[in-house]
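Letters A, B, C and D mark the chains in the order given here, with residues in each chain numbered from 1 onward.
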């Protein structure tokens, strides 16, 4: 029943906040909605993470994998709501924003919980449509341009994915005689599916959802959207949305694994993954816009995740999923803290930001530490997950691709530290003075950093079970 | 008993050392058809200098004052450690020939500092060049000894003493050592003790500010060092005969050769010295190679 | 995935205890020193921040040496790099500092990347991160994999240790850091790289090829000669010290390379000696380099500059610092009977004995002879370098107004200096007991016996072959030097009782007196070396006349620069190419949505065409 | 038999759109294409007599044949932009490429899905080629509206696939998809408005502020 409550809560908060002009009030309502939804979805996780799948009125289906992504979405949506409350605290008529925010989160919840793949497809499309206006929220030239590209490119991708889904349905119908798109049924009939059709379908599905997941070379909408969207939305985009569309891919991967094995899907993901890493590495080196930089780093991390699936094995998948979690946390932190800096300096251009450490000590140090976390330095958790992924690579004998990953990671680290040390250090502009930072935000940063640190030093039990049950679902272990 | 002998021979060596310089000077002048200063002139100089008052620079510090003492100490210590008139008597437990080299380096270190201490440009120039040449001389110095000790199987002085038999390796290394010796004792073709021409002098430039007893000490140290190096040369690289008599003969012979060389050659330009020293280094390496080939 | 749960247990074996000792030996004096040093240079908050960082930095180093698990090791290692990075960039508003930090963290990260690769390769065989498990696995590794791992380790640990050609971060990071940090970095942190090398290459991977050792020896000797040459060219005091750190690391690695070589030449005894000598030099270098950095820090604090050309005559203004620096300089240029001499002599001895022992390796004989020669060259250059350093900055008259304010700093800064100066004497004079301890350390860790090295009280007799009798008693040597000194001094005093000593100005070739204008400069001092080694240093000079009329030249402007070979011909081009390529690659994303859709289209088509390949 | 005819007609329309220079022509041929799809569904419905398909047919008629064309027409009226939609490649070349695309889809289906029975195969080939042609139009037509239509064409192609090879994917999915398309078009239309008002043109290729 929790699911229903989740959705109701989101719809309610969305509907109510739509009519509230005051930014603060609307934000609070949205936050409330997120918290209620978050709590209930966490309850859901608690119930299902043990590996017990439960279906609600044959429409929703929640198992370990879902639980993992529910956890992801709920955490990041709550954090983002809290942040956007601060971000829009002194703006007026943010009703539309809050409404869309809720719808956006709603659709993401919907994607991961719905059983019918067609509906899932639709939900993914809705995430695009609802976030389109959020991306174009500032309604100036660049924002609209970004939004346009976002909608067009993602819709194209999604449409292709639909073709793949139809192929799936076709083979399900002809080979196994299933007249439905329910994941559970298709999965059950996985062995009967025609491998060639499945492969053909997978191509379209991976490219389609991969576009939304920001895998190169279909990633081009991502930096534009991230750089133009309001900072909370950017955080939500790379924190949750990318993963959600990855979730879609994973679902199909599971079905197909029965007939064509993991390797097929894995290889394609690996191809895109390595391309993503390369693209990210080189574009980050010569980046000027801080949010674009972070966007490319998201591309990079999606690349690492898909490399995890490429390397495969329990280790690889574990690493990939764990990395998903870490990246959500770290990247949200990065967007939040750099958002604070941007707000203060009034520019995204990193060459114009200097000496942030003297102006905003807390935010700047949070950004700096977060940067090290994102770059995958121990003792932060991303190091652990990257290490796991790489280990899977070396163990699986993918020496070259793993070494390539290492090299790209080194370049990316260089790019990040190069840009950030330029911003954080140096002399502050003379006209700027140190200002008092909002306590709540500082605490938020602190908490996120501690989470990253803690995950890095020791993986807590519940996270472990969460990931394990998710990977059990992937490997079809009952 | 033993210790007294050792000290005695050290004293003897010290006493004898100025004579060698005097001898070389005399011989040089002879060859140049001049009368030249008497054989014992170096002693006269030292005594005279001890008799003089001393003037030191206001700018200088205690480094300038103690440098001569350190220098003479190192020289005397080297004299104590190195074999001379009674080679069978050695202080045990004072390491090997490398130690002697390092001890000389200590003395040089302080002289160079003293050269800089007065703040005069000559001093600086002198110490710079001195350190330059010594740094380049070091490798040849060490490797030539190395080659010799490969035969002896040990770098301990006492085990080096018996010397090998004449072999190409020994000759090469001996030659290298001798070239280094010329450089270390500020002789032509590396340096010229007789000139005080501003731009050519090296060792002299460094000690230009000294007078009185300090200068005496420095000069004495120079003589001692020269004799020590000579004795090392004759003991290690010239394995003919043994006993004090032979020792003295050999020393005199080498000194004579040195004199002839000083007359025959002209001083090199500073940067030609590099080639000179590199040559001796290569020579010593050749010695090692020759030894390995067993010739 | 239990395998990735880090096991946080510590392990204390002889090696790690030794390095822990070295770290503390450096850290505690620096801690005391920092109290006085940072006062007045930084704001209060920053000082507190720095102290906390410093503490954790030391802690992380200790964790590195005491960790018994590779993952733990790696985490501590990176923590160490990170904290030291923050310390290097402590005065963060300085452009130079942040740049230095950037280069530093980049290089270390490259190193870490290689290390990680090596670890993962081994782990993919062993399946456990425990050191023992690693050790066992490494016995079974195929030789090619072994070589790869070895090379990775060389790069990884070489970078941290500052071995040429991975050294470029060192001369930036050490001078820019606050002096107590530079002393810790130079004294302790780069030694952690050495520790890692010893631990992983020597004792876990194991030496399996002769050329490994030779490679290390070559790198080591290049580092020592190159390092000291660049040091000689420097006129920045701290930068000079940084370069000399490279040289000393080279000497240490010489000992380690010796170990590797002798193992393959099956001379276990020599191997033990060699490694022990290396460790000995490690601790010695820790002592005197820390001391020297402290002294230069004191100068920097009172004079506000570390440029030798602007110093001079400090010996009268800050006698204590001057004395400490003098002792440090003597020791680092291997003057008997100080500790630097002892360890360098030992390294020489082991190389030499190797040449004796390797009867079956004629080529090695020549190689080792060459090494000995170059080592001697290093010694000579080091002496020159530190004569210059001390002579120019402490002796003669002052060279600029900056030194007027100079004075000896407070006790919190003086005490640690004096303490370390004392240690220099102790470690020099009581060499044998120290060396004995080190021999035991090595033999206990490596499991090779150290018989044949007989140690009576304070007489260390190196007996690589039993028939040799050569032995060195450092106390006796010291005694001889002191006694002769005293006697001579007495004698001279007696002789020249009646003689007076008058003071006058230095003769200045007819000028009134010597001024800072016509004193010898550090650049001038190093001129001959610059000319002689121009093939490495590639000096470039600029001479311009500032004239007010055609006939009268008012002033001369003379500049000379030496190029960093590797920077010029390797690092800079690589970086530039990387950036150029990146700039080029941006063309792929010109902002046209059509092209973006085109990419999707191409992706589809590509996959359709190559479907069978996947 | 007439089903194949319809399918070929759809393909033909796609080609017509490729050939089209002016936007109105594009919309017209899109309408016809949608109408053909409507006929297809209707006949399917008559054959099977399932109410779902009837409803679906009605829906298609409402949305794709009436709704969207009208909406597009109103937009074109609202924003006074010249009717030509810029071509990157001229008509002849476009048609050749379109033919090539059909070739690719033929190759794809025949080589990789040989197991498929014949008519389904043909339908799929047509569907795929229509989809790819839609993609092609999106790539090689400059104006924003053209891209919208291109998206719709892709949608049509996929719908064709769904309808013809599977006899209609599950009912509510179809509904959802159609509504989804409708919303998408609406939103895109809004953005076209915005672009027009901000840039005073709808040449998407001029939207290249954000790059690199």
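By definition in this document, contacts are C-beta pairs under 8 Å (C-beta built on N, C-alpha and C of every residue); 3 or more make two chains touch, one makes a residue touch a chain.
None of these values were measured; they are calculated from a predicted model.
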Common contacts of subunit A and subunit C, by label, are D
Most contacted chain pair (by C-beta pair count): B-C
From subunit D, the most remote chain by mean C-alpha position: B
Can you work out the whole-Å distance between the CA centroids of subunit B and subunit D? 99
Could you work out how far the Cα centre of subunit C sits from that of subunit D, in whole Å? 70
Using mean C-alpha positions as chain centres, tell me how far subunit A is from subunit B in Å, no decimals. 78
Any idea how many Å lie between the Cα centroids of subunit A and subunit D? 31
Residues of subunit D that touch two or more other chains sit at 108, 112, 135, 138, 147, 204, 207, 209-210, 212
I need the residues of subunit A touching at least two other chains; which ones are they? 148-149, 152, 156, 160, 199-200, 283, 286
Every touching pair of chains is listed here as A-C, A-D, B-C, C-D
Of all residues in subunit D, which touch subunit C in the complex? 88, 104, 108, 112, 132, 135-136, 138-140, 142, 147, 204-205, 207-212
Residue set of subunit C touching subunit D in the complex reads 586, 589-595, 597-598, 600-601, 605, 608, 611
Any idea which subunit D residues touch subunit A in the complex? 108, 112-116, 120, 127-128, 131, 135, 138, 144, 147, 151, 154-155, 157-158, 161-162, 165-166, 169-170, 172-173, 176-177, 180, 183-184, 187-188, 191, 194-195, 198-199, 204, 207, 209-210, 212
Where on subunit B is subunit C touching in the complex? 50-63, 69-70, 72-74, 76-77, 80-81, 91-96, 98-99, 102-103, 105-106, 108-109, 112-113, 115-121, 123-125, 127-129, 131-132, 134-143, 146-147, 149-150, 153-156, 158-159, 209, 212-213, 217, 270-271, 274, 281, 284-285, 288-289, 292
For the complex, which residues does subunit A have touching subunit D? 116, 118-119, 121-122, 125-126, 129, 132-133, 136, 139-142, 144-149, 151-152, 155-156, 159-160, 162-163, 166, 169-170, 173, 179-181, 194, 196-197, 199-200, 223-224, 227-228, 283, 286-287, 292
